[in-house]
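Two complexes are shown next, each including subunit A; its partner changes from subunit B in the first to subunit C in the second.
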Partner chain A sequence: MDYALAVATALGALSIYLLLPRGRGSLVKTGALVGVLTLGAAMLYLLRWAGLQEGVSQGAGLNVFFCLFALIAVISATAVICHPRPLYCALYFVLLTLALAGLFILLFAQFMAIVLIIIYAGAILVTYVFVIMLASPGGNVTVADYDRVTTNPLLAVLVSFVLLGTVLQLMFIGKPRAFMAARPAGPVAVGMAMGHKILAGKPALADPKPTSKMGVMELLGVNLYSQYALPLELAGILLTISLVGAVMIARKNEPAAGVLGTGQMPTE
Partner chain B sequence: MVGTFIFHLIFGLVLFNVLLGIVAYLILLERKTAAWIQDRIGPNRVGPKGLMQPLADGVKFILKEEFMPANADRWLFYLAPIVIITPALCGFAVIPWGGVLAAGTRLPEWLPWIGGWAFPHNVPVMLANPQVGVLVVIAIAGLSIYGVVLAGWASGSKYSFLGGMRAAAQMISYEIPLILSLLSVAVVAGTMRLGTIAQDQVGYFSTVFVLPQWNIFIQPLAFILFVTCIFAEANRTPFDLAECESELVGGYHTEYSSMKFAMFFLAEYSAMITGAAVAVALFLGGWHLPWLDKLLYGGAQPMSTGWAGMFLKLVVFGAKVILFLFFYMWVRWTLPRFRFDQLMNLAWRSLIPLSLGTFLMAGIFVYLRQEGIIEHRGWLLLGNILLVLGALVVGRWLPSTPTNQRVPVAGSRYNKWPGVSSTGNA
Partner chain C sequence: MAEDVNTSLLGLLPEIILLCTAAVVLLMGLARRDVLRRLTQWTAVIGVIVAFVAAYSNDVQSHTTALGTFLTLLTCGIGLLLLFSAWEMPFAMDPAHTDRHYRGEFFAMLLCSLAGVSMMAKVNNLIWLFLALELVSIPTYIVVATGRGQSEAQEAGIKYFFLGALSAAIYLFGFSYLYGFSGSTQFSAITAVFQSDISRHQLPWMAILGLLLVLLGISYKIAAVPLHFYAADVYQGAATPVTAFLSFAPKAAGFVAIILLLGLTGWHFSSGPDVTIPALLTVMAVLTMTIGNVLALLQRNIKRMFAYSSIAHSGYILAALVAGPALVAGGGWAHDGVAAALFYLAAYSLMTVGAFAALIYMQGKADGAEDIDDIAGISSEHPMTAACMAICLLSLIGMPGTIGFLGKLFIVQADLSTGHWILAVFVVVNAAIAAAYYLRIIAAMYVREPWTPSHVRTTLAPRFAAALCAAMVIGFGLAPSRLLSDIRHAADYMAGSSGTVRLTVFKGRAKITSHFPTGSFGRGRRSSLLTDPLAGYARRSRLAGDQNSCVVKHEFIFARPLKKDTAWSTARLLPPSPVLERNPAVVALRMSARLIVR
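The block that comes next holds the complex of A and B.
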């Protein structure tokens, strides 16, 4: 067990517990202080851990960006769950998505990054923001208590941080993984090898041969439509089913033709 | 590597400032266009022929009072103009303005700091040509919703709020056909790089039938869908329900004044330029100078050219963009505004099925081309025509659009509830 990591996790739990919105006697400032301490400790830990690794120094430039995006991501993720106003939570979620997209770009996963922005920031969160805005009045109005106060902060923090602590302990066991290091060739090379293997026996698909010129998009396409064709099709069917279901739920109960046009008397 | 970076830095700075200048003059062009169409003269007082009008407008914006409603959400009220202008200016980065520069010119030695520095060979005249270029355009279109929605909500005014909500609903709806029409172009080109797609269109249908091989002639339906959707995304007439003056005062920017309002204006025109540039790059042949390139180059226009070729490409691309922008304005001052239910019906009942059909056609074409059954891209034109004819036939059998029914209302003067007098006191 890594005690430094455990202490950092506990500190993080304490800070989130203090930051979670409650009615009165708010401890936001203390929580923020503890949170900053936690982040500093975690950053120091990461730097020391990365320093143990051979070859990490090559990616020093990347690591600056990694730290920047990670910091934005952690802070905005905290704000998503701790901000007392729902609309701000949704907006911090957008910021979180952008920071994660930055991290994906550092991992040479441009497609993932852009698709994350399109789907999360561009579609899902817009709908969230839309619904929150419709539900809560615009402008500088205080939010109702039941929207502002966490119902069960202690239990929530305990469960989530025990899970997080376990995952972190497992991740940092033994030799550090290479996810901090800059290895552009890694995923691309693996994908290309897979593409070669798959395309070898299929002349119909062999036209776009995986070559070193092939980019992330092409490799992704080749992999999706050869090795992962069945899961892809299943996902498509699932989406179609949910689409049809949504249409069925949203469909208005059309009144019969004769009933149309009998407007109700006003009650007053 | 460093050379490419410096070139892009200089190019980016020049581009950014030129575009901001163009935005200022676009507003003048918009007012002049409106005047021509409405048989007026338009602004003609400031400078010769009114050419200094943008300057006067800018000074006026700066001198106006900054106003914040008492009911506004302070932070979001300040944040909204920033959020709307940032994605609007980001889109310029992936536009292929001028092919590839293959000059390798050395700068003269007497220049300070950069003297003797040679331009790198084969540097693309665009800020970035990422593998996911088309998706970047889509992502930026998706992010541009937030500014409008936030402005509407943060103002704490009912007009602004309704404008923001309308904008959100409209932009979400029109994003789907936008994405599908863009993807049907990308699928046929086999890449998502905007520069490559633009280069791909340089050429002709055949040596006899010299129609340029632009995507507008190959997939006209996708082009029409795309143009409709970028009009809606830019919130311009006939889709400007978000700011429609007769119902909502000014819509989402009702409460904004001074430079914060100018930011909304700037964002709208920047988004127009980005939309026009994407349309030119993807559908109108990019920098391809039709027919004349045979005289100049003795064949198709090459991708990499020297300085003269680059400037020719920049001029051709810019001219196409300006013509397209004029088309934007022409439409704005000609067509009346939709009603909101018509707007939604247009998107969900016609544009989305049609764009799905276009995408399907593109997929079938790519499959047949890969199987070696058809070779020429002109077949896709036939596919598009068939799709339109098929839609016209199928449309006759579809249930009609639910129109507004006359509902008798008690107390109504024109549509009485039977047995109730017009005063409502039966």
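The block that comes next holds the complex of A and C.
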């Protein structure tokens, strides 16, 4: 067990717990302070780890862009769950998506990055904003209680950080090399290897040949329509079913309105 | 690759038929003419029967595994019974609701979900597995929410949907770790990676984490303990035919998915030194059956009681899976946990669908009876239905002479013979606890005061389904040989094979001869899942003679059936022997065998 990592995880849990919106008497400033401390500690840890990784104790640094995107991602993800106003949460979600897309580009997964932006920042976010706008017609002044106050912050933080801590411990277990040695196979390993090089501030593509096709749409298309043709068809069937189901559920309210209520629009 | 798609398409013929029928039924429900709309159920029934017949044909069977064929036949058979139970579905339960139009959609959803269950054992890819699980689940979310025009159904639908989406996220997360561990979503590649790791004596953390998350997520589908809490509310809130459907479709799909995924690991955990996964399964099994049965004791509502009983039965099947597959294909029932699990799955489906069908008929007669008091004394008015219900309940208890008894017997046998006696004890004790609440229903039907009948008109279809189930529960309980041989074939596909490697040394020459009978694969011989199963261990080895002239005979047991051409290469598994390592011929031979394998 890596105690430094465990302490960093616990600090992170504490800061999120403090930052989660409470109705009154919230400890945002303390939480933010702890959060900054945690981020600093995590960065130091990564620096040390990256140094060990390359077998050089001095000189090897973290990739600047990785640090930048990672910081933006962590901070905006915290804001997504901690900001008291739902609309701001949604906007921070866009920032998070952009930062993640940046990390994907560092891993030479351009397609993944673009799709992430198009789908999440484009499509899903618009839906979120619509839902938020429609759900709170009175503007930000009358945000409902369940939108302002976290229901069960202690349990939520506990569960998620125990999971996060376990995964982190497993990832950074033992020698820094053990993680890589665990499974050197397939595109994932190539991606992981690149990720480690980037972490260690090295040029990721010393030999660009084996990875030159990664993240290219052509490869994806060929795969989709040859090896994954059946799953693709199945996905089509699933989408059809979901559409029909949505219509069924939406239409059901019409005749049932006579039973359930007066058939008028529900009021807040 | 294109060839591959075509061959798997023929194996998927029953599922294609089911999905096409679903499309036709969907359109028929929207037909302008009433005559056509009345025919929707019949069309669905015919589609399921055609799929059943298609699954029986040799052409289809030769393109799929025996497990796939078995699951398709089971799904179509139980699906037919479920269609009969749901005959009047969308409107009979709800007198206020007179819109007959959307029953086409309802049956289409059932057929899509059945197609998903049916293709579950034919998947060969993690992505496909995920999509098949969703194909099972998404229609069930919809029918739970719309099967009944009451607010409870909508509440149940919301709960079921959100928790189901959460569980899907969890097992998808697990799949991503399995992918990260093996570098492929293809089952064959993942198996190969697991098998190359067999010598490590411990699975890498990514594999363990992936399997943990996948088991956790799928435990939602089978209503096993960490994610069981939704079951009571959803079973109660949904319309009764939908509840019957929920007790079969997601459960069968989930268990087959677990069998496939544990099959990927080569099941070597059941004999290997890494105990993480079997320990987890054991704890899950014990908690699931105990919590399910104890909470079922406290219920007065019949559907809630069935929900907890369904949780408990999942625990029994998990207990069977801990025992793992048979060591040798074609062996007896004693060691075969997978066969026991498949048998219990089939048995449980029959018993529970029968009980639900009888309940649906009674509810039609008693204004949607939910409480146990509502069906008190019903036997005087409806002796046939009450008898069917009683037979199914007795089988759920595990009375000798019924299919439920055989199911529990096989599970206990498998657990005892593989040394999991704690599980066997828990299964027996839980069966005794379960008897209490099942007998309470039987007592209410037969012993208590007659009840006042109401005059709601219902069709005879659920009663027909109940009678069919009861007949099969007794029939298979007394003469199970046909079902047993089918399940044997299905489970052999996961079982191991045994053979011998003989190393003969004579005056500086060494020779390896091996004898491995190929494992029986059942009727479907081609298998996309099986790769070279070198995951074996020596059961016994004998050395006769000295360093320069001797015969070493090793008996091997392998986790999977062997292909003939891989048998020789297993010579590399010969354990080192201090005497022979000094003979250069033996060393050279060993080296060459290793080179060939690598």
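Note that in this section the second predicted complex is superposed on the first by the 188 of 268 C-alpha atoms of A that agree within 3 Å, B and C clash if a C-alpha of one lies under 4 Å from a C-alpha of the other, contacts with A are read in each partner's own complex, and residues count from 1 in each chain.
Just so it is clear, a contact is a pair of C-beta atoms (placed from the backbone, for glycine too) under 8 Å apart; a residue touches a chain by one contact, two chains touch by 3 or more.
Keep in mind the model is a prediction, meaning the values are calculated, not measured.
Undergrad: Given the touch rule stated above, what does A:217 touch, subunit B (first), subunit C (second), both, or neither?
TA: first
Undergrad: Once the structures are superposed on A, label A:129 by its partner contacts, choosing first (subunit B), second (subunit C), both or neither.
TA: first
Undergrad: Based on the superposed arrangement, let me know which partner A:241 touches: subunit B (first), subunit C (second), both, or neither?
TA: So A:241 only meets subunit C here.
Undergrad: After lining up the shared chain so the two structures overlap, which partner does A:228 touch, if you call subunit B first and subunit C second: first, second, both or neither?
TA: Touch partner of A:228: subunit C, not subunit B.
Undergrad: Touching A:114, do we find subunit B (first), subunit C (second), both, or neither?
TA: Once the two structures are laid over each other on A, A:114 reaches subunit B alone.
Undergrad: Report for A:94: first if it touches subunit B alone, second if subunit C alone, otherwise both or neither.
TA: After superposing on A, A:94 lies in contact with subunit B but is clear of subunit C.
Undergrad: Where on subunit A do the contacts from subunit B and from subunit C line up?
TA: In subunit A, residues 260 are touched by subunit B and also by subunit C.
Undergrad: Which subunit A residues qualify as touching subunit C in the complex?
TA: 166-167, 170, 173, 182-183, 185-189, 192, 226-231, 234-235, 237-238, 241-242, 244-245, 248-249, 251-252, 255-256, 258-260
Undergrad: List the residues on subunit B that touch subunit A in their complex, please.
TA: 69-74, 76, 130-132, 135-136, 138-139, 141-143, 145-146, 149-150, 152-157, 160-161, 164-165, 168-169, 171-172, 175, 179, 190-192, 370-371, 405-411, 417, 420, 424
Undergrad: Inside the complex, what are the residues of subunit C that reach subunit A?
TA: Subunit C residues touching subunit A: 1-2, 5, 8-9, 12, 19, 26, 96-99, 102, 105, 108-109, 112, 125, 127-128, 131-132, 134-135, 138-139, 141-142, 145-146, 149-151, 157, 179-184, 193, 204-206, 209.
Undergrad: Could you pull out which subunit A residues touch subunit B in their complex?
TA: Within the complex, subunit A touches subunit B at residues 87, 91, 94, 110-111, 114-115, 117-118, 121-123, 126-127, 129-130, 133-134, 138-141, 204, 207-208, 215-217, 260-263, 265-266.
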